[in-house]
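Listed next: structures, encoded as structure tokens.
In the two complexes below, chain A is the common chain; its partner is chain B in one and chain C in the other.
Right after this comes the complex of A and B.
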């Protein structure tokens, strides 16, 4: 029943987006925004091409590494700040400030340090993702009801059992929300890096297509990226909801 | 009726060390009291008087600053002794586990054989009236039902001393009376010693063999009242005249202490105001 309703909702949203897209395309003209039909027909021969595959692979590599870095560091910082009351109190306002900062302004610095390398993209992606992961992990740990910890002791759990069987399941829904947001913004960071200074990747292809006025290619890549982000987000949300239903 | 000593407080004091420029807080004691094997002992006192500290020291969740606590002849030190079960006021059921999973939690961590886990959990759920809710999650249950889940989780470990820290504090009055009956049944069936911490005088008077009236902080026993109830009592004893007498006596002892806990000096409120 709910699955059915959700499928209908999704279909309605997709149809609405395509209609708005069609409308906009008519309004601004083909040179700025090609409509859905020409884009999809272009997509059918562009997406299977070697050029697309190479650049998608470059983006995927950078994104995977950035995500690994963001999740690893974000979780480590979040756990440490959640467990240590003092460092949490000192660190939280700093993290929140950093989170609200437009990190794109730091891009020149990253560029000067790393040049047009993979490392530059990875670092720029990761600095976007670390903060939400760290903040939500910290909140998750701090929000554990004290009575869970007392219960773990009265049920005579070893410290290791308490971590594995109580702390972990108690924090997972919130941590997962952090990972989901981290996923989206890390992708954003990687694409931004590719757009501004890179020789490969889908972000680079978008800017390249724009300068060559290849609007169909530009929009095709955008649609592919949208779809990827939407599907990934939906999967992560689905996992989150499954866990939340019990809470 | 007085069996062997099951748990003993000998000169127990608990002082919370001062932190961040605050003076140390003398929360409890000195306390000298014996809990007898198989008795139902209740502690009542004004809020903040240290009655939960009393329970946590016995449970091994806190260390006494001075004195010793023993359970079955052995000093309680730093960890919860085997054979002691605790139920807290706050909802401690784990939301990620079903009712069955919650009840089985402690046994599974101890590595009990699955068949034995199944037997004991099914028994405990049947006993607590949760049989039909085995597959439900705590979020689908009322507060009273969740508290039963927590009791079942403790029950399966077959505790010989059950500590109840205001377990019905968050429930409405009618549910509390019914839960009182459940606890009496539990106490009779298991033969365990029960310590109940509560702020409700009537609850203490109805359930316990002995009721310790605790003073305002630092908590000490002003008086320990014997109720002389029969072992097979239930909540209908609230209609007995003796029930009124016991409750009245408890309030007489605690009224001044409750005023102190509210910040008055133990004199009538008007006099306390005039003194300020």
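Right after this comes the complex of A and C.
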């Protein structure tokens, strides 16, 4: 019953947001901000179009590669800094400082190195993702209760058995939280790269639409990206909660 | 300083030294990167000439406005939402998702509505920072110990006196964490907005210098922005640790 009521309340808020959008559209005029109805009708024929598909594919490729790079390097750095106490103590403040910097300022450097290529987007996205993955993986390893390691030794587990049966289950929920945040910021990194300078991708398309004053297209892309990120995050959160319960 | 601290300093110095050497020995083309020492000297010359003053004031001013709006309205909204449990339960999924979606993608929409002025930049700053403040406020209010309300009743304190003398100080450490995050997020959002499209500002300066192939100017400005961000974040972090000690947490 409470779940039902919460669902209703959440729906009411969604409706309220759409109404505010409608009101705002009425207030500033249709050219600056089209209302929900025209936007959704535009969406139905823009999203299936080839132009959308091509640019979405470009963003998806860059995002997938960036994610792969961010996860690989982030996990490697996290495991190293978590297992080796001293390197963790040395490296953690550096990573935290880098995490809170406006990394967009570094994008020109990447452009100078890679040019307007896919690699540039991928590297810029990965720079965003590596840090949270590394930081949370490191924390996960450091937070393993000492008694787990002792019991593994008492039970005379081989190193592989210890990793598979003790270390992995103990760290996975927190590592997964890192991967979830890494997912979010890597997507942001790729989109920022496309918005600043790119030949294709949804970020490019949105800036292009802005210069052409195609507000419907702009909002459509924003809504699509918004929904994608929200759904992906919800799925990852759901997995995380399930794992937390199991441990 | 601890042993790890010394090693950290050594690592940073070694990395900057390696970069300097790589640039000087032409391992890195000077069209890609100039040596760090030249970045620093270019920055000092530019700062001394006063040509950056307008943009520094403008960008930091925009950030300050965005932070002030976020903290004031974030705190007020936090109080309201805390008082209405049903609204809060309904909003929970939105708070959990907010920082997972690229809010920044709405910047072009803001420009379409408000034109290319300070308004969309301030709004982007507020949009990124305010939710952190709301969440921190809720968090702080949740952790006010029950016993304080009882103390207030025993002493027959009024509603206002209870809020100002007991509840606010108890929630303060959490509120400060919200302020810290607001500053950090607003900084990133404002610089990014300027970078993508803006009439002026430090972020715009970097983008312009990049477009003009003016590497000396670009790297000097980058150094400036990164230095300001590092100093501000480090300062807030140190202050936050002091608050954390006050609320009884072990400093990590």
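One rule holds in what follows: the second predicted complex is superposed on the first by the 233 of 247 C-alpha atoms of A that agree within 3 Å, B and C clash if a C-alpha of one lies under 4 Å from a C-alpha of the other, contacts with A are read in each partner's own complex, and residues count from 1 in each chain.
Here is the rule we use: a residue touches a chain if its C-beta (ideal position, glycine included) is under 8 Å from a C-beta of that chain, and two chains touch if they have at least 3 such contacts.
No experiment lies behind these values; they were computed from the predicted model shown.
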Touched partner set for A:156, first chain B, second chain C, both or neither: first
First (chain B), second (chain C), both or neither touched by A:118: neither
First (chain B), second (chain C), both or neither touched by A:76: neither
Residue contacts with chain A in the superposition, chain B compared against chain C: C
Partner chain(s) touched by A:209 [first = chain B, second = chain C, both, neither]: second
Contacts of A:13 with chain B and chain C, given as first, second, both or neither: second
Touched partner set for A:239, first chain B, second chain C, both or neither: neither
Those residues of chain A which chain B touches in one complex and chain C touches in the other: none
List of chain A residues in touch with chain B within their complex: 145-148, 150-151, 153-157, 161, 165-166, 169-170, 172, 243, 245-247
Parts of chain C lying in touch with chain A, wherever the complex brings them together: 2-4, 7-8, 11-12, 31-33, 86-87, 89-91, 93-94, 96-97, 99-102, 104-106, 108-109, 111-113, 184, 187-188, 191-192, 195-197, 203, 206-207, 210, 215, 218, 222, 225-226, 229-230, 233-234, 237
Of all residues in chain B, those that touch chain A in their complex: 59-61, 79-80, 82, 84-86, 88, 90-92, 94-97, 105-106, 109-110, 137, 139, 150, 153-154, 157
Interface residues, chain A side, partner chain C - complex: 6, 9-10, 12-13, 24, 28, 32-33, 86, 89-91, 93-94, 96-97, 100-102, 104-109, 111-113, 180, 184, 187-188, 191-192, 195-196, 203, 206-207, 209-210, 213, 215, 218-219, 221-222, 225-226, 229-230, 232-234, 237
